[in-house]
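My structure is below; once you've seen it, I'll send some questions.
As written, the chains take the letters A, B, C, D, E and F, and residue 1 is the first residue of each chain.
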Amino acid sequence: MEECNDNISFFKEGLRLDSRRPDELRPIKIEAGVLARADGSCYIEMGGNKVIAAVYGPREVHPRHLQEVTRAIVRYRYNMASFSVEERKRPGPDRRSHEISKVSREALEPVILTSYFPRSVIDVFVEVLQADAGTRTAGINAASVALADAGIPMKSMISACAAGKVGDTLVLDPMKEEDNFGQADMPVAMTPNGDITLLQMDGRFTKDEFSQALEMAMKGCREIYELQRKCLIGKYAQLETEPFLEVQVCD
Amino acid sequence: MTNVISEIRKDYIYNLILKGERADGRTFDEYRDISIQTNLISKAEGSALVKIGSSQVLAGIKMQPGEPYPDAPNRGVIITNAELVPLASPTFEPGPPTEVGIELARVVDRGVRESKAVNLETLCLVPGKQVWIIFIDVHILDNCGNILDASSLGAIAALLTTKVPASKFGLGEDYPLPVNDIPIATTAIEFGDVVMFDPDVDEESIANTRLTVITSVNGSICGMQKSGTGTLRTEQICRIVDVACEKAKEIREKFLEV
Amino acid sequence: MTNVISEIRKDYIYNLILKGERADGRTFDEYRDISIQTNLISKAEGSALVKIGSSQVLAGIKMQPGEPYPDAPNRGVIITNAELVPLASPTFEPGPPTEVGIELARVVDRGVRESKAVNLETLCLVPGKQVWIIFIDVHILDNCGNILDASSLGAIAALLTTKVPASKFGLGEDYPLPVNDIPIATTAIEFGDVVMFDPDVDEESIANTRLTVITSVNGSICGMQKSGTGTLRTEQICRIVDVACEKAKEIREKFLEV
Amino acid sequence: MEECNDNISFFKEGLRLDSRRPDELRPIKIEAGVLARADGSCYIEMGGNKVIAAVYGPREVHPRHLQEVTRAIVRYRYNMASFSVEERKRPGPDRRSHEISKVSREALEPVILTSYFPRSVIDVFVEVLQADAGTRTAGINAASVALADAGIPMKSMISACAAGKVGDTLVLDPMKEEDNFGQADMPVAMTPNGDITLLQMDGRFTKDEFSQALEMAMKGCREIYELQRKCLIGKYAQLETEPFLEVQVCD
Amino acid sequence: MEECNDNISFFKEGLRLDSRRPDELRPIKIEAGVLARADGSCYIEMGGNKVIAAVYGPREVHPRHLQEVTRAIVRYRYNMASFSVEERKRPGPDRRSHEISKVSREALEPVILTSYFPRSVIDVFVEVLQADAGTRTAGINAASVALADAGIPMKSMISACAAGKVGDTLVLDPMKEEDNFGQADMPVAMTPNGDITLLQMDGRFTKDEFSQALEMAMKGCREIYELQRKCLIGKYAQLETEPFLEVQVCD
Amino acid sequence: MTNVISEIRKDYIYNLILKGERADGRTFDEYRDISIQTNLISKAEGSALVKIGSSQVLAGIKMQPGEPYPDAPNRGVIITNAELVPLASPTFEPGPPTEVGIELARVVDRGVRESKAVNLETLCLVPGKQVWIIFIDVHILDNCGNILDASSLGAIAALLTTKVPASKFGLGEDYPLPVNDIPIATTAIEFGDVVMFDPDVDEESIANTRLTVITSVNGSICGMQKSGTGTLRTEQICRIVDVACEKAKEIREKFLEV
């Protein structure tokens, strides 16, 4: 939370600057299987965010000493294109992207059946092509679909979304202005049945606000889950007669 | 932060937990002894050695004038760094910060920043040109578990004893850095249905999930971080938040002693 | 850029070539479908997504005022970078640019620079002090072969849509970046006596030698780069140059459509 | 091609600023076997360029995973001494030297009989001690002699040389001023029988100019080849009774 | 020796600025076994220096290719905390700390019985928490005690101490002001029986001054040895009935 | 600096030493032939190629105006760097400087600095703002042992021929860099009771301990460095210092020839 500027009005007649209700997500577009080389991939737009995810694996681990005897390791690399932000970003990972890579991996790993693939690696690569607040949650949403697209066995999907506070009001899925000048931001990821796999917060919440914000974020995740599901059904419905998604993607 | 402990020891700890016990006799909500010694390092503007049980962390503050960020031309700058030096644990290796060290530094930083413990506006020297830069350097000396809470404590304790070195740079007399809040990080781990605070290094090694909650003086939450490859249910999260608020109050009282 | 394809597939491709054919039915001089979409990235001053067959490359332009080089005090600066991110190919790895990525970026840079597509003199703001810096960042998204031609196309297409962000820096109104040429890179590979344009990733993997020819609007050559561990005879080189000039003309017409 | 300054006159009575004819090489000095530790070495002066090359190998590959089962790998490291240029260069490789290392390796690899030495490496190290335009071609010429000096079996020598354009005239082997203010530069490397192994160009050539420049560069390479040959004969004539160079160096 | 400022008076009535005699050490405090995780550890204060040393090992070597078949390798990492000096130091090793790590390792290795532990590594980590001239010798003193505390078999202890020259007078164990503005500094490390294992010098000594300074430094080392000895006896006397130190630490 | 030589060769050298001999017939105190050629590199402000036996080292000096260190605002800056490039030895590897290379550069630097061969006060251009920076770059070309002495010789020989490039920076006419001393490094190795000067690469590989002594014109010692994992007795040290002083005088006479 960089700054809380009281002169900014975040609401007009109860609606946000982009005409959303406080508990409304930005428009979302999800497309699976957008890359030819990757084993699985997904392109997502969440408001102004444009993010692409690719999955490679299970495949051999290099260097060898990273191998785990009983399970696949999961690697997650969150990366921003230099031109994805207002001020050009130097290429390569910085401290922020290292942290996001870690918590995003930990958001997905709980549902990946890594024990099926001992000694191997499942690589998840997320490239942010345009950033507009919420790139980590957009990346996790895309990565989850890309994992399914790659046929990686999972206990369930993971859906992610943030809740925030601006002008003392809780809002779902903050955009850039709300993130920059807001009072709190809390990205959350979860399984369809409500197990939390990502939880970060900065800013200021009372305990009550926290509970409400968590509930709001979880509601957002549920809505996103339906879109992820539709995207995968849309892609595989024609291909498969068995209810693929029921078995493999939802638990 | 994973540690190699023998399978036997893991089983032992796990079985204790099933009985509602911990290896060192604590209750699940209980912290190890906490001690804070300040101003041990005279070359630093502020410093604090924090012990939580056998874990030891030394935090030092250095300040110098420098350029503000272009998007905040009238505000001081805080740069937080954590060194997980190989002296502190058989699993720490020399080299640039790992993911674990970066996460630790960023969560410590978030506590200081989001609690607004330091009023950055007061650190402006020449608007748009020169501001105070505060370097918070956390040196982990002995990792016996829960170094995140210790580091967070070290950072704020060191800030509380910091003298702004104005005279050294010809900027008037030295004065104590004004600090407006005391953010306290409290960390719990989870396995099965059990939630346990202030994990030691063995307990950390068998837990899948960790949740850190940072609270400020007025009881509000100013930072959270889940880490690890497990999941948390909302009731667990809420319980951790509740206990964290209580624990933070107790720990904050430590500062009255310092 | 080497790719692991099975020996069987290699033999298949090689035998096709002996019959004068390619796996996807193209003639040896034929390009895959090319598409160019511009201005997809609103945070960039200019951008273009280029597809050649299934290969996808996203180029973005950022501009900001900065210092000129001491030996060219009145000229803008172009900095070209290519990211061969591991998302794009099983053979790309995270980390600093490899030899292959550096070569690709430098050849793209050479095309823009040597064609004088951007008049650097017009990018001077304060002689000797401040000039516009143009960052050309090429992000490879899907490497299905011939990403060099795609990157080169992406760079010039993005430049053609670039708005100089003068207002953002208090330097007057924004205006379109003047672009004076459209350098086109065309790449052929060789094996045996065969020369084949726009190789896909399998074809690349069996070729020893590659030659890229960059031509400008007036038909002159403004850049060349042989790579790979094979040799070329002068007749082959001259034939590649001839076809490259023709192909470049066809591709340049794409820009009229954009 | 940094800049084309029309006010500079590159010729005086048909000769260049250093009194060369347009198609004339700068003075060249080649000496083989100049280093005691290396398996093969060569010192070359081409005009103001002073370059030294060393060859080590075939030897074991470290790290192991770089090994090739069927052949030796070739490594080439082009490096400039900090004091070799007008403005001190920071030690260590930059993007330019990485590219030059790659194309130089690819200029030599076609003639090295790598299949003789599976699982091993042939290391070529080139140090530029003084730079005056044309260091990459000087390096390749020295490396080629150093490879022969190391007894590495080769199908033939490689000779390298650039052609350029200044003041609308084609010139062989441009020196620094011609390179800085010229209109085109094209380094070429080839075998004695005319197979091109290096070809780079920047600047502006019409198709006709390109053909003529290529021919001019190839003529330069042939002249350099004679000097490389003489250098090696000079060194080995006394030592060997068999016509070593005829067999091993020329094909 | 940064500068020799003749206006500074280093002595007052024959005593130094901190009231020491020329051949007097600063106050020293040594404590062994201060860290729980390390196999051995030691905290030392020498004047304003505060230094902590930890020893891990003998343990497995990673990466493997560093293994020695006939002996343990010894690694030594000297590191300064960012806040240990007047101007904040950037984290991580610089050229100075690399050199100190090398000479410190070479100061200790002569007495470590590395042949007892083939294929393993003994890691010594030294962290300077506060610096006041003489950190390398303080680090070696602490490391030596930490090695004993870790039970690493040694032929003897190593004790270290510097001699210097200020205002044309030889002084033992220079503090910061004497180091910054003095004329010479010479850190020395040795075994109890006088074998020198570290010797560095910068500044200016005549040959006579050198001999006297070496003698003075060796006297300092002997005093420090007694303190190291007492520290270890203090720690182990209760624990062990055999005269552990007599056997293992002194030769 | 360790070198793989066969056990047989090691034994051979060792047995020779027991007989009081060296493989190349020298006495224990004898140096190999030393040659110094200066001004070979016209792009450098000064340069020297030093050969000691087959060891070859090229030192180059570059100078440019730059900022002084804050704690020495009126003094020039010397930056010494050594490149142990893989061309020079089968045991040198590409990459950032190793411990061995860093030590070598720092000992060479110490000789120049502590002898006060260059008066840094005379290199101040604008007090507190601008001073001359002297870069001493030592490029090892052929490591046949004792490259430290060769590097140290190269550095001072190059400095002695350095022209301050004032005109290039619009700071008046060029002039020779004033040099006030000729520090000479002499290195001996030890094994058993034997002390041997100017070791070749085989001798280095069997010695445990090395001592370098740097002496200045007036006979005083201005630098010392013990390296290696052995020990030295005071009598050995004193003997090395005595011989070093003599040898340095002989070597210094070389400079009269240059």
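Keep in mind that, in the parts below, a contact is a pair of C-beta atoms (placed from the backbone, for glycine too) under 8 Å apart; a residue touches a chain by one contact, two chains touch by 3 or more.
Here the structure is a predicted model, which is why all the values come from computation and not from measurement.
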{"item": "Distance in touch steps, counted as few as possible, from chain B out to chain C", "value": "2"}
{"item": "Neighbouring chains common to chain C and chain F, by label", "value": "D"}
{"item": "Chain of greatest Cα-centre distance to chain C", "value": "E"}
{"item": "Most widely separated chain from chain B, with each centre as the mean of CA atoms", "value": "D"}
{"item": "Averaged-CA centre spacing for the pair chain F and chain D, given as whole angstrom", "value": "32"}
{"item": "Euclidean distance of C-alpha centroids - chain A vs chain F, Å", "value": "58"}
{"item": "Chain A-chain E separation of Cα centroids, rounded to whole Å", "value": "52"}
{"item": "Touch-based graph of the chains, sorted into line, ring, star, complete or other", "value": "ring"}
{"item": "Ring order of chains, beginning at chain C and proceeding to chain D", "value": "C, D, F, E, B, A"}
{"item": "Residues of chain D that touch chain C when the two form their complex", "value": "1-3, 95-96, 98-99, 101-103, 105-106, 109-110, 186, 191, 194-207, 210-211, 214, 218"}
{"item": "Complex contacts: residues of chain C adjacent to chain A", "value": "40-44, 47, 54, 56, 58, 60-62, 64, 81, 83, 85-90, 94, 96, 135, 137, 139, 141-144, 201"}
{"item": "Contact set on chain F toward chain E in their complex", "value": "71-72, 97, 99-100, 102-103, 105-106, 110, 113-114, 208, 211, 216, 219-234, 237-238, 241-242, 245"}
{"item": "Chain D residues touching chain F - in the complex, by the definition given at the top", "value": "35-38, 41, 48, 50, 52-54, 56, 59, 77, 79, 81-88, 91-93, 123, 125-127, 129-131"}
